[in-house]
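First subunit A sits with subunit B, and in the next complex the same chain sits with subunit C.
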Partner chain A sequence: MTAALSLQDIQPGFADPVYDAQRIFRRLMDAMARPGRIVDIDADIVPPVPGLEGLSAIALTLLDFETPVYLPRGEIGEALSGWLRFHCGCPVTTDPQEAVFAILSVTELLPISAFNSGDPKYPDRSTTLLLACPALEGGKHVSLTGPGIKEAAHIAPSGIPDSFWNEVMGDRSQFQLGVDIIMGTSNAVIGLPRTTRINEES
Partner chain B sequence: MNAPSNLPANRVYNYAYLDEQTKRMIRRSILKAIAIPGYQVPFGSREMPVPYGWGTGGIQVTASIIGPDDVYKCIDQGADDTTNAVSIRRFFARVADVATTEQTEEATIIQTRHRIPEAPLQEGQIMVYQVPQPEPLRGLEPRETETRAMHAYEEYGLQYLSLYESVAAYGRIAGGAGYPVLVDERYLMSPSPIPKFDNPKLHQSEALHLFGAGREKRIYAVPPHTDVRSLDFEDYPFEIQSWDEVCALCNCDSSYKDEVILDDDGNRMFVCSDSAYCGERRKQGHSGPLAGHALDQLDQPEDAE
Partner chain C sequence: MDKVLSQYTNLQFVEYAMKNDVSVEVESSAIAVRQRAHGLIAKSPHEMVRDLFDRIENLPNIKQVRPTDTGLIMVRGKVGGDGARFNLGELPLTRAALRIDGGQVGIGYVAGRNSDHAELAALADAMVQSETWGGVLEEKVLVPLADAVRDKKTENGRKAAATKVDFFTMVRTRKEK
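Moving on, here comes the complex of A and B:
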């Protein structure tokens, strides 16, 4: 059951959908191919929720009628829901298992196991998590290894609870299944595909 | 040559030919392919303005990633100046407003049919492969349901058996192209029909490698700095091709060579398969035993369009 959209309240999307989506996809692809690297996403949009510029631009780039999206509850979810339904035409779901994409904030996390981790024969059907962080530096230090990383990468996104890192490490132990994560702020992202192995630093 | 231009003021097709929904679908598949290196992601392959087998998978991957700032190179069996390479390069110059090049170092996207350039790839470069058969196990097991289960449960005994039979029959692991590899020690992958000479270039590469199979509707990827191991046995280690001859034009003794028959008397020459690499070496003053031969002139850069 979805209420009719009030079009006056909908913020615009990309100024140039073709070139903007291409530019943002290339930066995102770079982030996923080189996990742990902080990639400037250069999102030139005004999203309905301030601070979510990076992840909102990624949502505009990737979402459409084929991709049910899970949104946080409350005001943020409400605002994003109308905006994404208008620009992307994507179904909004409250069932994390059904979500192809999920947009979450570190303040209202769900257990990672709530999301779809794919099928052994079709591991690509898992959820991609777009996780909004206050900053990509200044938090707990973790080191990363795996495909895309030459030796080891070190990141310290802020606001991530220890329990979440533990869940991610558990999720990574069941490769080829797993949830792929994109951490983002207003202007930058870090890709953490399921191949990236995470180690806590003391 | 007389097709209308596709510049922004007068767009005939969408930028880069594909519609935006198709690009989104392919982009999502590419991201999952990168997240599961070597795994074949199914995708909704579209009809393209060339027949299957002419690079429809590679073209769709390129069209989904390319932007106006890219510099595009396209090779066919190592050469920039063969029909397939020339027509695909012109296609993207026209529909995507990109600069094109024959120099490996200058390119940001290199689309290839069955070779990896000799010049080392650099960080930031993207290789796009045109793949006829993405499934390395297809020759051993025709059913997709079965091969999918074999990948899911890492059941690759049949592949090793096939290599063993080759050793038993020929005394070595035969097969020169499309030699199977294990990516990040998990997924068995066909590197597309590149010669096994090129397999080691995939291991811990600086570049991102994207594979597109249009007819078979699969996309897969090898991210940079990923382990890629060619299958072998302890007593029959993996070996690449080597030649006794040097390149007849540029004298290179380390490149992959094509054999060219020159006349009916059995005369032949061996030349670098990578035409840009060979041309660059000749420009630097290297010259081989047949330097000055008529074929020397054939691969001058085509006139700028």
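Moving on, here comes the complex of A and C:
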């Protein structure tokens, strides 16, 4: 984990770290304030893993030396690991309980209960999941209710297994504890904070 | 028999250690070359380094891997070998990371807020790793800098030597009495 970075393959991050991070952060706040709304992320970066532009930009925005990050195993994780360590200086962890952020792909999901759902005294210390989806439309329909949503919102991100939604519903039952979720593609995200309740549509 | 065996084992061990030392040296020599180049540039005045780089024709094209930025580091000190570490003070530090034509990535850390100085240190770090540019850098930049450092050291030594007081005279006088 503390092995020296091989710098030869490191790709550049944000062209202007301050303004780009502020721009992405603003979009992310919108996404979290209006759960279920598809928010565009115009990430002007070339991430080490193609197709992860949006989530990589969010990772560059949010991660720093105080936020251990959990990465998927295999090539994706390795490529992201060096890149994020170089640009954000964040520790990479293999322990989901220790992770403040976790980058996951829908093909390699961990049970939500594996991640840190916070402490009753400090519920903010839970893990935030950054979930890479193939698309934010065309999948199974679920409806969302809760703060920031008038009546109900409907989303249908593709590639997400049914078991995942069941786990999210289970996770929501332990509110105020629980994980916050950001689902993203290369250019858009949906925020699913822990206040959002999820109902399956028949 | 036991003795012979133990000697033999020792010999083998020495051989093994020597082999290992050699391989460690080969790897660390590449690092040492980079450290020397980086040290010479980071410790020399910016104007001198800039001037030397300006004399090289056709410098490699560079692309920044991370924008050059300045931050503060905490310098920590220790009194004696066993003292507890304490915070000596903060030091502004500028860092640069860039890639040159051949794909080599160089990083530069320089005390102070001069971003050009840090970028030159990074450029040198990248060039020293490249077969194409290593020789040019050595000849046009590193050798003059090393000479300047040596001259400065000799000069300082000469100035210090001029103020040397010979206490033996007093001792000798006292003995003669």
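Simple rule for what comes next: the second predicted complex is superposed on the first by the 200 of 202 C-alpha atoms of A that agree within 3 Å, B and C clash if a C-alpha of one lies under 4 Å from a C-alpha of the other, contacts with A are read in each partner's own complex, and residues count from 1 in each chain.
Everything that follows uses one rule, which is that contacts are C-beta pairs under 8 Å (C-beta built on N, C-alpha and C of every residue); 3 or more make two chains touch, one makes a residue touch a chain.
Values in this document were obtained by computation on a predicted structure and should not be read as measured data.
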Clash or fit (per the criteria above) of subunit B with subunit C on subunit A: fit
Broader residue contact with subunit A after superposition on the shared chain, subunit B or subunit C: B
Subunit B versus subunit C as contact partner of A:R27, first or second or both or neither: neither
Vertex subunit A angle, Cα centres of subunit C and subunit B, expressed to the nearest 10 degrees: 100
Contacts of A:R37 with subunit B and subunit C, given as first, second, both or neither: neither
Touched partner set for A:F86, first subunit B, second subunit C, both or neither: second
First (subunit B), second (subunit C), both or neither touched by A:P17: both
Touching partner for A:Q8 - first (subunit B), second (subunit C), both, neither: second
First (subunit B), second (subunit C), both or neither touched by A:D180: first
Partner chain in contact with A:P123 - subunit B first, subunit C second, else both or neither: first
Closest approach of subunit C to subunit B (Cα atoms, Å): 10
Common interface positions of subunit A, toward subunit B and toward subunit C: 17
In the complex with subunit A, residue positions of subunit B that touch it: 14-16, 20-21, 23-25, 27-37, 39, 41-42, 64-68, 148-149, 151-153, 184, 186-187, 208, 221-227
Residues of subunit A that touch subunit B when the two form their complex: 17-19, 21-23, 25-26, 28-29, 32-34, 61-64, 66-67, 100, 120-124, 128, 146-150, 175-176, 180, 193-195
Subunit C - residues contacting subunit A, complex: 63-67, 69, 97, 103-105, 107
Subunit A to subunit C touching residues, read off their complex: 7-8, 10-13, 15-17, 86-87
